[in-house]
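In what comes next, chain A is part of two complexes: it sits with chain B in the first one and with chain C in the second one.
== the complex of A and B ==
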């Protein structure tokens, strides 16, 4: 289908029907671009992952040694597990924080202007610079940060406490902070579709607020929770900014390892193998999500 | 009106979460006007000194220009490709359509480091030297999905009747596009451009791996932060937050106003 032979444009174009020609004009440039700048690089990376480095040069090969190393050697499999743990905690905490905001947006604020104002208020922190947001928490939690200054001036503590920063908890807190607005938008998209008549009917039949929440609202919001959860998990899993700025010596995430492999260690085959594993995990995750959604989703 | 949304506990939780979202940014903005040298408290007096230092810093000014070049280049690549793909997907059926739509979204779902590694391998094999251009090609590819989804949604709303009417009246394809389709999707196109630009201005994972000697603003801030937290970053961060707030508010308003005008 694509321009594989050099004589492609003129010879093939002349033989096309006008309709086909239009189709080719709209679709070939983006398709060709994606093949060259996305598919080919991914394929190169897959090929690289089977080779190895020898005296700073890449040697092609077909060996599973890189993959074996990732699954059996300490930093790699451990880092994948820790990234997954941090991603999962991030997804859970941001969903919990996001839910009340999405509820208020969907059911409490009824005027269109007020609703879009709240929408904008939620979306602005989401778009604010990612790096800046991670940095903001560093200044809050740091030894000379706002929190310590406050505690010192209130004489709660005598000297600045250092346990606030540079550990896995501060990474999870920062990532939760960063991804909560996204979870709000995702959950809200589900809640918005719940027909008012359904809730009114439940009320008329004597259901209380909590019963309506547990038996109607929550089950119907599962698609939004899942979609938001999977993306916040993926973004948290692949993050390297927060662990670098706020993580401790024991916070080792997979993206950080990849960047180190590409920089100081210059082991691109191993980094490529990690990349391929993450791609496969991502596809598995998307598959599982599709399955879960079909299982749990209640149709109205 | 309804009991579900109006419980006090729910409202209180919502207010607390909103405070959680805004307090850190608020602290940073306030501290950027602090006269003192410390990143944290005490606030010793109002001053624009850090902004003056920021604009006097040649490295940062140079990085801002680089960031703007990258953002413009990224939009110049991703927007036309995204619009073309959106028109193609909206109008035609072809084998592999579902796969194509998935592949386009990959850079959004996968960690940026992976897109970065793949393009790095690709550049090294082809002997391309890393520069601002290599960043632009990387970000441009990753952000096609933004224009594609925005414009595609708008085209689906628009329907095909206007386009078919123009065709029946004898308009050629380019006339149809520039005089019928484009005016109708202009809001979504401008919105997508602004949103892509603001993502590009903030992008760090792809940039980190594909950058040569030239650095963008997030990269310079990143290297400043790795050394120590300085109030200079408060000022830079405040400006970045203000810039993205303007870009995104405008972008959203434009893509929505287009939709409302058509209804």
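== the complex of A and C ==
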């Protein structure tokens, strides 16, 4: 159906039944969107990644030198590792925080109105700008922030402490705060699908609350946990604002490097190579999660 | 021996709703297979859930083998329930589902591993699911799932097993064979089974006792024959079988014999203490108890009317008759019953007439 391949699709189209043709026509816009705004940019990026810069000019080529540089240069590979670490911590803490909230929403709150209200509370933070929320944590954790004022007034500390801000912990804290709603909704979606009769059956067979949780609820919510984990990991991995605002000198994330490479160093081929590596990592992650989900997911 | 289950004045009010269960008292004998029968919304499922402990009664007490269990949570009551949707654990295999009830609670109270294994084997065999032991529920047919649910409920060997419309989602053929199997399992195990069903045929063919429910009340409790032959109320008569009701007046009431006036005739029926002359009563009889007028025994009630509709069922036909009194009755006749000038004449033996005092 693409302009590049002419005769063949037209012949196929002619042989289609009217219903099939209608489906093909409906599929065309999303397919075109996918190709123009996803596939083509990836291909362009991939092409760039094989070239190099010479006297501030891009020279096309076919060399893996950029990739070799990324894996052998500590700041680059280290940044990917640190991004992954922060993404992972964000995913873990978000899931731990989100699970009880999702449990309450799915099982404890039975009135529809109360459930809607809780749902609204969970997504309410999204009405505020991401930047504002990141800044808010900066004010909370800063030397003259709310937390320090509190500690000072309680005479827990004599002078403002600075260890609260500009480190990996403050970045993870902020990212967890911002992305937890994604985990809540994803876990809630899988908990909500567990029929009440399963919990009743477990109780009827003699199971107590903890046994019902470990043996029925948790296993059946793994798909939601995985989905929430992937989303929060990806968002934490690629985040730029939180590390820039709250990260310390030792917090070097991949997004920061990208900005520098594109904006300051003007090394587009190297930035493209990093981009391609991230895309490959993302596909690997999705593949592993998909495999894990197929192994544990059951039809309810 | 105390009754397996005894309910004393059980009521249940749901907030904002009408009374779901209304003052039900009932003693279920150990080893009986009991059906709670009624149409949807009659409170039978709520009553079953109260017995199971999944719902707490607003008032009344529940005894299990003479012990008050009203305040015990479901998991501590020694009974198991088979759920209408089976409620199989989708992430566990058939064997794991059956073993679930045996592998919970503190380890010291559990059976040794080998015994659990043996128990699971036994119940897999009983429901003939040995070859499917490692399958997940979604890979089973409806009938097989139903068997897993049954085996899971039986595996902990509780004295009482509760069934919420256990055969509701099976097709007619499966239903019949499962009814037979359940009866056989019941006979083998000798446990108390309590069923909830809306299917009168199922209730009649399977139970030792039937409890007919309507509007949250238990209208009648007795053996299938009792409930079918001697319904105590119009509702019970109507619910079990195709019934006809005719207005009648008591003419004489002697001990052992009573004479009723109905349909411009009089009829002698078995006397009852609660009948007295001049009293207006209702006479009930079943559509299938009519016989051709020519072969009626003496003393039978002759029913003659305008045949307004005929439905053919193969072995018999069912006619709707409009009587001279304006009343309407349904009669089953041989398929070739003669209709002369639009009129059909049948008779109901006096022994088939039931007097209801409303």
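Note that in this section the second predicted complex is superposed on the first by the 263 of 300 C-alpha atoms of A that agree within 3 Å, B and C clash if a C-alpha of one lies under 4 Å from a C-alpha of the other, contacts with A are read in each partner's own complex, and residues count from 1 in each chain.
Just so it is clear, contacts are C-beta pairs under 8 Å (C-beta built on N, C-alpha and C of every residue); 3 or more make two chains touch, one makes a residue touch a chain.
Everything numeric here is computed off the predicted structure, so don't read it as measured data.
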{"item": "Chain B versus chain C as contact partner of A:64, first or second or both or neither", "value": "neither"}
{"item": "First, second, both or neither for A:129, with chain B first and chain C second", "value": "first"}
{"item": "Touching partner for A:219 - first (chain B), second (chain C), both, neither", "value": "second"}
{"item": "Which superposed partner A:203 touches (first chain B, second chain C, both, neither)", "value": "both"}
{"item": "Partner chain(s) touched by A:195 [first = chain B, second = chain C, both, neither]", "value": "second"}
{"item": "When both partners are placed on the shared chain, which of chain B and chain C touches more of chain A", "value": "B"}
{"item": "Chain B versus chain C as contact partner of A:211, first or second or both or neither", "value": "second"}
{"item": "Chain B/chain C common contact set on chain A", "value": "200, 203, 208"}
{"item": "Touching residues on chain A, where the partner in the complex is chain C", "value": "195, 197-198, 200-208, 211, 215-216, 219-220, 296, 298-300"}
{"item": "In the complex, chain C residues that touch chain A", "value": "52-54, 73-76, 80-81, 83-85, 87-91, 100-101, 104-105, 136, 138, 152, 156"}
{"item": "Touching residues on chain A, where the partner in the complex is chain B", "value": "1, 22-23, 25-27, 29-31, 33-34, 37-42, 44-45, 48, 97-98, 100-101, 103-104, 106-110, 120-125, 127-133, 135-140, 142, 144-146, 148-150, 153, 177, 180-181, 196, 199-200, 203, 208-209, 212-213, 217, 231, 234-235, 237-241, 244-245, 255, 258-259, 262, 268, 271-272, 275, 278-279, 282, 286"}
{"item": "Chain A contact footprint on chain B (complex, rising order)", "value": "1-7, 10-11, 13-14, 17-18, 20-22, 24-25, 27-28, 31, 38-42, 81-82, 84-85, 87-88, 91-92, 94-95, 100, 103-104, 106-107, 109-114, 117-122, 124-125, 137, 141, 144, 173, 198, 201-202, 204-205, 208-209, 218, 221-222, 225-226, 229, 233-234, 236-237, 240-241, 244-245, 247-249, 252"}
